[in-house]
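Shared chain: chain A. Partners: chain B in the first complex, chain C in the second.
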Partner chain A sequence: MSIVTVQLGQCGNQVGFEVFDALYSDSYCSQGLCSKKENEAYQASCKERFFSEEENGVLVARSVLVDMEPKVINQTLSKAAQSGRWKYGQHACFCQKQGSGNNWAYGYSCHGPKHEESIMNLIRKEVEKCDSLHGFSIIMSMAGGTGSGLGAFITQNLQDQYPNALKMNQVIWPYGTGEVIVQNYNSILTLSHLYRCSDALLVHENDAIHKICAKMMNIRQISFNNINQVLAHQLGSMFQPTYSAEDSFHYRRNPLGDLMEHLVPHPEFKMLGVRNIPQMAENSLPYSTFTWAGLLKHLRQMLISNAKMEEGIDWQVRPPLARLPALGKMPFNKELHFDTSIANLVILRGKDVHCADLGGFRDPALYTTWLKPADAFSMWKTQRAFNKYEKSATLVSNSQFLVKPLDTIVGKAWNMFASKAYVYQYTKFGIEEEDFLDSFSLLEQVIASYCNL
Partner chain B sequence: MTQSVVIQVGQCGNQIGCCFWDLALREHAAVNKKGIYDEAISSFFRNVDTRVVGDGGSISKGKICSLKARAVLIDMEEGVVNEILQGPLREVFDSKQLITDISGSGNNWAVGHKVFGSLYQEQILEKLRKAAEQCDCLQCFFIIHSMGGGTGSGLGTFLLKMLEDEFPEVYRFVTSVCPSGEDDVITSPYNTILAVKELNEHADCVLPIDNQSLFDIISKIDIMVNSGKLGKTVKPRSLVTSSARALKKHQKPFDAMNNIVANLLLNLTSSARFEGSLNMDLNEISMNLVPFPQLHYLVSSLTPLYTLADVNIPPRRLDQMFTDAFSKDHQLIQADPKHNLYLACALMVRGNVQVSDLRRNIERLKPSLQFVSWNQEGWKTSLCSVPPVGHSHSLLALANNTCVKPTFMELRERFMRLYKKKAHLHHYLQVEGMEENCFTEAVSSLSALIQEYNQLDVTKGMPVQDLPRLSIAM
Partner chain C sequence: MGRRRWRQQRGDCRVGVRAEALPEAIAALSRTLPTGPSPEIFRRAKFDLPEAVPALWQLLFHVLSQVPEDCATTSLTPEAQVRWVKSTLRSQGYPRPALALLPEDGTQGSRELLLALSWLLARGPLLERVLTCTRVRLGDEMSVCECVDLARGRASLDQPTACKDSNSCLDVRHVQWLMGKLRFQWRNLISSHQEHCALLSKIHQYTRGCHSDRNLCHLSVAEVELLSDPEVGKQLLQRLECENARLEAALDWCRLEPVFWKWTDTVLDASPPGPPDTGSQPTFLPRISDQGTRGLELLAWELQALQEQLGAAVEARRTAWAVQVLAREPEWRAAMQTTEEAVERELEVLRQTWEQGADLTQLHGLHRLVRSETGALPGWGLHVTEAVGALRSKEACLEAALGWLQEQCRQELTRLVGALPELLWIPPHGHWEP
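Right after this comes the complex of A and B.
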């Protein structure tokens, strides 16, 4: 079963490159710490998912590159070619001359319909290369114009043309202090449209990853490369092959499907987040040892206290003793100390995984009342170590973690919308005030639903 | 990749343009060592095989043969354009790109706008169409002119309307040099106010430049250089001082000043031309910085100043470059953004600077700046990996800020002083098509603009309140 990636815009293409590079270098790294047979099965499974193979043995990413201007795609193609290890398909990219200018409406209403056929053709060709298609991973930022606007358009088209394939959007969440001035408008338009046509939105916050680079990786001058590499590591740790709890002989063949089945039990709740530990600079790795008990204790506290990394965890936060659904309605402005989960997936990779005790994640107090803890929690594992970490744990969760950032973005966009600032730039390309209002009401609904867990 | 066409109008416009082409050539030569005609060069230059007679000589790929500027040079006298054609840049232009007259506009907006406008309309249009045809994907016109005289001000704004009608999809960015208080042209307030009305109505973005500010910046650099504090003399290849050779060997007082403006245009377009980890295309400028179409005046500052002059001082901390960009004496007009209200702000960084440097400085500077209530995080950022020639990094800050208002108010005052006495009015009114209501309409257009800024200024210092949101029925 294969996953076809669609990488859109500057951010999507830069992240996409790092993801494939991380997948490749993990699969072919010499420190897998497992048997040769195990390693070969792992490589074969990774290859089936993310790469096709040319006759000469060179791996080709199952990916389509889309941007509305040529600079970034040229750069990405040549970086992949220079790696000498894997590459992009020769005819797998689509670019135009003039970018979307940070305008969601331009990407969605102009570039989208105009280039729909060409882009969907490229995707179809990539799909045809797969023995069996499992789904799409669409990488895009929500701040700009191409990734966000065209990304939403393409996701809708994928939903129309491949209704049975799963669609997971990798959404890069902009810095809170602003990188694009109209980012809040672009974000609410993106999120509301994706909510209608995507199966799950996996959110990657720039602010959180930036802090990981500074505090955990000890990088002094942080570049977008650094940030994208951390992001790629997290995605890799999610998507590399694993066994399920029930079957520890065959690598699971359908990671996207299993993921959605576990994590998205209700269409109202499809915002996912990913955390992983440990994270550290590569040169400190040889001097560190970890125990599963320690890693999982930290990861659990990160989940319930909404910490994005191992440093600065609030250990005071405790799950409530008894869930009282009648009192569960929380006002918007109340500080959300404890994060309630809908569903969690823990992925363990490395030495002695069979010894890891996940009891802490099965605690019913962590979850809503309407899903049995047995259904709300799942675990995948493999003895194969990931990306040079002897032991590593990844947590993918559908929880209240995003309520605050989402509420902030909607609030800022709403304030700006009340003054009508910048709206003329959108109406110019056919996105009317009505469309904004639809997006606002959909997202307010999402916020309220998550708040009331 | 997209292309831009530069239209330089009048004496000032052509002199700045000349500096610009000189610097642009140098910048691309420094980056493009192999001499291959690439997309970055193509944004401002055509590659022409001069052996081919006629227009068929454009080459889109391969080695650089002969670079021709994507430019139209317009002046109603011959002096400056002739000088350019005899200077070192003569190869970059050919006669098909020029429009000149011999009589001049006599520092009269009406002559430039009405007389020469209708006289040269067809000819200008033809050359613009030609320039546009030679582009693969024309994105932007850059108009360089001054506001105080006759040709740049009058004809320069005339063609703005023409561009709007003929190329509605193409952006119009205008670099306007405003006369300073002690201008030697008596009628400059008239010319400026008449031109501002056209800029209000037909430009997408205006970068106002003030001669006095340029002069102050140059003086400041001179003082630093001559005080000996810096320990060393100016490097021979300094940015501000050396590119004047494009015109003549010896320096003219305006050259260093024009060079700053040329640098502004280079830095404004660098992220669109070169690679970087966070690109900023030209169409992102107005998208991010112009919240309402009429409020399109952007105050700019270039830092670091001293390394801009390539003065050999010990390398300052990177953060100083960001601090300086917000200070009053680094702005290219006489304005104080720090003590006025920001509508939006762009930081365009070049060279060895990373996203963490940007974030750190935004967080550091934010508390000292006031942003309008609905745009508290009004930052647009870009990172271009190619630094200016001979430097490690640079910053261009663009501010949409109410600090431009005093400039407009002072202009209006100077205009009213003349206009009350009807001084020199007859020179304008004798031009065909020029009525008195042209003046009253122009001044009310300016007043409306000032009023817009007033309304924003009123909100300054008010507490930022979140508005009641849509409520959801559960």
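Right after this comes the complex of A and C.
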């Protein structure tokens, strides 16, 4: 079962490259800490999902690159070619001479319809190379012009043309102090359009990853490359192969489908976040040792106190003893200390993984009253170590973690909209005030639903 | 025990089977049946001993559901199996009410269960169906009609008490969650099917011209496995030997059947006569009296008398009703018209289903998938366009039925909305169409 990736815009293409590079280097890394046979099965499983193979044995990423400017695509292609390990398909990219100028409406209403046929053709060719298509991973920024506007347009088209294939959007959340004045407009338009046509939105917050780079990886001058590498590590730890069942040593065939079935069946709750542990600079790894109990204790506290990394966890936050229905109905502008989850998936990779005890995640107090922990929690694992970490744990969760940032963005956009600032730049390209209002009402509904868990 | 046994009894006189052949007959039967129950079970069941009960429930479940032994037992609890067997037997017209009253914990009633099994055997063609179902298959097959899927799928239908929890109030979000889960599983199933088809097609293409049978041209998955792994060959041999033994046992059974039926008579005599069928457990199939054709005339005469009585009663009711209706005519007429329209629509859907069902009967059963270059068919073949056409028409009638059900739901919703004018109804995301 294969996943076709669509990389959109500058951000989508840069992140996409790092993701494929992380997948490749993990699969062919010599420090898998497992038997040769198992390593081969792991590699084969990864290859089937993300790469096709040319006759000379070179791996080609199952990916389509789309941007309206040639610069980033050319860089990405040459970086992949330079790696000498894997590459992009020869005819897998589409670019134009003129960008979208950070205007969502331009990407969605102009570039989209104009280049629809060529882009969808590229995607169809990539799909035809798969024995079986399982779904799409669409990587895009939320606040720019091309990635966000064109990304929403392409996702809608994918929904029309491949209604049974799964669609997961990797949404890169902008810095709170972003330099694009209309980033909040772009964000609400992206989110509301994706909410209607995508199956899951996996959100990556630039601010959070930036802090990880600074505090955990000890990087002084943080570049987008560093941020994208951390993000790629997180995505890799989600999608690299895991065993299909508790006592099985076969790898899961359909990770995207299983993940969605566990986490996002409810059409009103599609926002996913990912956290992983441990995170550290590569040169510190040989001097570090971890226990499953310690890692999982930290990860659980990161979940309930809404911390994005190990450092600065608030250990005072405790799940409520008795879940009163009134507790969930707190207004969202008050500070939410405890984060309620709808559903969680923990992925464990590495040594002695069978000894890990996940009892802490099966506590009913962590979840909503309408789902039992047996339905709300699931776990995947494999003995093979990931990306040189002897032990590592990843948590993908559908929880209240995004309520605050989402509320902030909607609030800022609303303030601008109320004074009609910059709206003409959107109406000029066919996005009417009515569309804005629809987006606001949809996102307010999402916020309210997450608040009332 | 019906016509079949009657025939057997008459045949009995001609063949003249030895009475001591009973153990042999029962052994043949148990070797033919899917779970291969010990013959001792039958003896115990005759004396209504509780030890035989669980094995017999399980046997009935397998025989009725025709699910392979290994995958059925894991999915349903014993109680659910018992409930399922009871309801299936009832819907098939099993006449003894005593069975329905048996406890679900599987502690008593082995004699009743033995009688139920005998009833199924007597009604036939049970063993033939079971044997077809467990046949070793070498080809890649597809079914055009639903009967195979239905027989397999039915087992999962009955889990009535599992979700009824009247004490806790149900959150609608939980239902939506389950619905979403179902949707994802559905999509996963579709893509698995597509992958299966793509791989089958690859195997058929790559093995073109390899088959010794000219009609087939290429190998099937099972045949490729046989060639690539000698261990699979051994397993196949084992399965074939098993099937052979079962078929031989079935032949023995055909020869010795009369002895079994004589013995069943003694079981029937030993069981207390049940209370007359009061109709509290409705049976859906008409029963024919054992007295034979002479009784029929009497029956026909009685039926006619009853019909006349009924006609008179209906007439009286109708006049009384007409008097009532005249008083409130306009509203009644409107109500009647809507009812008539609804009935008309439902009839139309049923008619379509029936008409398309009639075409499908020729395409009944499993078909081996064969990719042919020339397009020429051996005599028994079914062309792919015919199969696709049949599936399309089936899809169309399922869609019509679905549309009708959705319309029903929509009307119900409109009625509910009308009942609560102060409420504002907003459709969920992704359902904007009017």
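Methods note: the second predicted complex is superposed on the first by the 447 of 453 C-alpha atoms of A that agree within 3 Å, B and C clash if a C-alpha of one lies under 4 Å from a C-alpha of the other, contacts with A are read in each partner's own complex, and residues count from 1 in each chain.
Note that a residue touches a chain if its C-beta (ideal position, glycine included) is under 8 Å from a C-beta of that chain, and two chains touch if they have at least 3 such contacts.
Quick caveat: nothing in here was measured; it's all calculated off a predicted structure.
Enquirer: Answer with clash or fit: chain B and chain C placed together on chain A by superposition.
Expert: Fit: chain B and chain C sit side by side once superposed on chain A.
Enquirer: Taking the superposition as given, does A:N164 touch the first partner, chain B, the second, chain C, both, or neither?
Expert: second
Enquirer: Considering only touches as defined above, state whether A:S305 meets chain B (first), chain C (second), both or neither.
Expert: So A:S305 meets neither chain B nor chain C here.
Enquirer: One more residue to check, A:N415. First (chain B), second (chain C), both or neither?
Expert: Touch partner of A:N415: chain B, not chain C.
Enquirer: By the touch definition at the top of the document, which applies to A:N39: first (chain B), second (chain C), both, or neither?
Expert: Neither partner.
Enquirer: Which angle, to the nearest 10 degrees, do you get at the Cα centre of chain A between the Cα centres of chain B and chain C?
Expert: 140
Enquirer: Once the two complexes are aligned on chain A, which partner has more residues of chain A within touching range, chain B or chain C?
Expert: B
Enquirer: Once chain A of both complexes is superposed, is A:S25 in touch with chain B (first), chain C (second), both, or neither?
Expert: Neither: A:S25 stays clear of chain B and chain C.
Enquirer: Thinking of the overlay built on chain A, is A:E268 touched by chain B (first), by chain C (second), by both, or by neither?
Expert: In the superposition, A:E268 touches chain C alone.
Enquirer: Between chain B (first) and chain C (second), which, if any, makes contact with A:D131: first, second, both or neither?
Expert: Touch status of A:D131: second partner only.
Enquirer: Which value in Å is the smallest Cα separation between chain B and chain C when the structures are fitted on chain A?
Expert: Result, nearest C-alpha distance in the overlay: 9 Å.
Enquirer: Considering each complex separately, which residues of chain A are in contact with chain B in the first and with chain C in the second?
Expert: 445
Enquirer: Can you tell me which positions in chain B touch chain A when the two form their complex?
Expert: Going through chain B, the ones touching chain A are 1-2, 39, 136-137, 139, 275, 277-279, 281, 283-284, 287-289, 291-293, 343-344, 354-357, 359, 362-363, 366, 373-381, 383, 466-467, 469-472, 474.
Enquirer: What residues of chain C sit close enough to touch chain A in their complex?
Expert: Chain C residues touching chain A: 171, 173-174, 176-181, 183-185, 187-188, 190-192, 194-195, 198-199, 202, 428-430.
Enquirer: If you look only at chain A, which of its residues touch chain B in the complex?
Expert: Its residues touching chain B are 10, 14, 69-72, 75, 97-99, 101-103, 145, 175-182, 210, 213-214, 219-225, 227, 410-412, 414-416, 418-419, 421-422, 424-425, 437, 440-441, 444-445, 448, 452.
Enquirer: Where on chain A is chain C touching in the complex?
Expert: Against chain C, the touching part of chain A is residues 1, 131-134, 164-166, 195-197, 199, 254, 257, 260-261, 264-268, 368-371, 375, 442, 445.
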